[in-house]
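Letters are used for the chains, namely A, B, C and D, taken in the order the chains are written, and counting of residues starts over at 1 for each.
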């Protein structure tokens, strides 16, 4: 587990530790190296120390790695691990989209030659490619919910508004004015309304589509709700489309009521309600996930299970 | 003050008590009659008792009344007070929309003959009529925010999505599973997605317009944010339209960033940010209010000020 | 699982369902019979229906039962199940204390003849008796935390103040003014300061001791902190006493810092920090639990494991 | 207003602005100089810029100053203002206690010669001295609540436990791991259990008394509750003592139930409930304040009113 001091990386470590077929070989962290994981996250009860990253040492102990570094910092680490023969799930944005999209939304790419082999790790959409991959890019939290909401309507959709609402853990562990309790409590606001970089993933997966994507920050810890408003080309059997897409999925639940994020807290599930607004004929889709589980660490383990030939749900129920 | 035991009515009482030109003559309540206001709401420090409603007694003591009864229960009380010569601001839905819309969304109307004289009390849109009115219907909380957001775009708008988010005080004082702390904390969900009755007011004011309106419940006490996504007929000077509409308004603030509901907590202000989404050419408008102030009691006092010929902002700063 | 619609009973059902050596035979509920568990609690993913209670039907399907009825309602159900040969863990107060204490704090006892065989299910203090018992009374949430905090000091303590703070789930699922989100959010208050009935358990277990016990309600969902202020007869090796008492306990953690309730959320652990206040020579003990886990359902399963000869921690990690 | 960018200083500015007899001459800030107050705190609607501090410029514009710098940084600023003839209320700890206590709990004192003229600004206890003072030290938030709770029992008290609970705004505006939303939400913990420096004020005011003082951090924004457990020398008429002490106080409310911090939110009031625990004969006192109002900015303005010969409650109702 590379980068175990942030929220997503810390949960990855906990999930791997409790996984029946995996063994947690080592933890590294850029900040907090030298401290024990359970000093930072007592609830997870992982008592390993956080070490400085050393690719050879990691390669000597592990066959696969989860990398949870910030974008930009991840790429060189991923390269070093791939070169030493490890399978890698990267939770950063570095390998999620094309070089062009990446450089438009983020910064110059550190390892463009690796992009070709990278698979976008939204399991329900790319399961077979993930099984064969050595490098999987775990999706961002907003795209996970939005893409699962929109995927069954892909052929139908003409125009989409995604009004997304996230808990504060999605903003990361860094202490800022934005994440200060007093800024968040009893508050809600939209942010990055002229462009949030998770849009790159939506564009990459959905292609040409008129779309507005607006994130909001909520006074909750874990949880993300994507409320999607879809104008379609023509009427369709919405319930049937979702049933077809997700009927056999272990981690997607179709609900008869709009989901709450509490319904999926601390689980790897995405809970979805789709309906048609009689006043506008729009299709409304509400998708709730736990941003740290299905939106980050849980999905990364789901990907890793596939890459290693393990049952997809192992360690995640 | 008629109906002072609910959240909106209780705040009306407090606002009238601290108003420099008004005197709080009496409080009535259906529940809790016999108790003192400050037993129920210590923070407001209104020490009058809650009495049973008696139209003659009220008329003997007051020239104007704020009525905060549930819809249906309000109409007969309003009639009794009007007949006795009082000016009335009614906070229920009974006089907000046409009989047809009312009966479609609510129930058979108890006083349809009074509808003609009722003025919709969204002050910024109907100021002059309010000055002349004897009966003003204070708008619902969702319509207040949504209509203030959409009003400057009225001529331009082709299609609208209103994704609205409200704190729990908007759901009223009744204890239900929905308002139980454990249902709300660390949660967010859409509700009434196939039709919330506040839609009636939006239709009444906006007329023919393709519109989706979806309310969400947030784990906050006071505060309401309407995120509005507007497809327009053509490009326009959005900043200019909002400046023209609200440049001189004492209770509407135009902000350069998306507003948070904390920015307006315990105030009668509506804080608005409007911008154009470059990806979709949609106009995005975010309007934040305190649902108990500008969304209920504060606006009712603003209306009352106008009806009584007082300065519009008196008692509300 | 008898009484699976309340918060504690619902979690009992989930814990039994995921328990590797137990099978969830049936769920009953007084309210909500006919509905499915996962309609009420989607997050737990228990898809069994809630049935009306029928002792014979339950006895035909199960060897042991967890009963989560309100006090008073539990006793007759417990009797019916014991008579049919089931082992029972009762989560109500009916069998926690002597008849005298029960009748002082609650009401006339419905089954005083069963009290003799009942064992108080605070596992760390009564492990051996629990193994042999047919009827175990799972402790209240406050006493669980307070007794684990005070137990190692039992011989030393002269005088105790227990200032306890609980999340709202401890107040139960009933919707009341007390549990309304608007009453709890951004608030904290003491309650039942002249006597909370959980005091009965403290007196029953601790015997003669000068003690003040004051509960407080916090704006959190799950979690309980007991801050204990102990005047001792003489100085002592506090760290040593706690190490001796809990060094081998799987569910008690001794921490070098005051615990937060987040540290134990959704776990069966009690996290304790004990220290001496240099200014007063008092021993300070802070004990954090999840009130629904170690304070109710988790502890009940821990008891059941012992009664059935299973590993004590099974299904609880 | 010197130091208007922190939470307490920002509220001071707002209170002075709306004060009928005061004029807000200037705002200074160490951080954020150059920005406008209402960019940082839109809700307060103070549109003045934050300037760099310059004693001469301030003295040229104002007759009195509120200083809200961190301890240590305040003393030189206070000296500069006093030398220029201004009356000063200082919200830091620099002038609250004796040099000896200060240097034990804080650091070497920067202006010990000024200590003699400084008056401790807990208005209800030192009203007459405050009227005559040029330098008043506004008390800390914890001591304000605890001292108001304990003052009427001063002669009686033998031994005291103060279990205090504060919202996060009390921890200041700095973004740290402690104030990160994810650290605080759904959490509660004691902190600084081996000694919090506000103890200095308690010792300074109460003198010799066996006392434990333990602060806790709560997931709320504004609000502070001190739960005080007092062993007395002998029985006494507790209600009478509190009535005598506070019967005429405009900002102290005696309540018949334990207060919640919501009852005093955004007010300058301290709400107190005192009772006797029948089980232990201890006197229990619960005192709730808004830590930013009565615990900081509100009290500072209350002090300033007295120093300037204005009505004590002006601008604070």
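Convention: a residue touches a chain if its C-beta (ideal position, glycine included) is under 8 Å from a C-beta of that chain, and two chains touch if they have at least 3 such contacts.
All figures in this text were calculated on a predicted structure; none of them were measured in a lab.
Novice: From the C-alpha centres, identify the chain that is farthest from subunit B.
Specialist: So the farthest one, by centre of C-alpha atoms, is C.
Novice: If you average the CA atoms of subunit A and of subunit D, how many Å lie between those two points?
Specialist: Averaging C-alpha atoms per chain gives centres 45 Å apart.
Novice: Please work out the Cα centroid separation of subunit B and subunit D, and write it as a whole number of Å.
Specialist: The separation of the two C-alpha centroids amounts to 37 Å.
Novice: So the centre of each chain is just the mean of its C-alpha atoms; given that, what is the distance between subunit C and subunit D in Å?
Specialist: Taking the mean C-alpha position of each chain, the two centres sit 39 Å apart.
Novice: Can you tell me which residues of subunit D touch two or more of the remaining chains?
Specialist: 183, 185-186, 219-221, 259, 262, 265
Novice: Quick one: do these chains touch in a line, a ring, a star, all-to-all (complete), or other?
Specialist: Basically all the chains touch each other, so complete.
Novice: With touch defined as at the start, can you tell me which subunit C residues reach subunit D in the complex?
Specialist: Residues 159, 161, 163, 165, 167, 183, 185-191, 193-195, 199, 210-214, 216, 218-223, 225, 227, 229, 231, 258-262, 265, 273, 275, 277-280, 282, 284, 286, 288 of subunit C touch subunit D in their complex.
Novice: Which stretch or stretches of subunit C touch subunit B in the complex?
Specialist: Touch residues, subunit C against subunit B: 7, 168-169, 173, 175-177, 179-186, 219-221.
Novice: Could you list, by residue number, the parts of subunit C that touch subunit A in their complex?
Specialist: Spelled out, the residues of subunit C in touch with subunit A are 18, 42-43, 45, 185-186, 253, 255, 259, 262-267, 271, 317.
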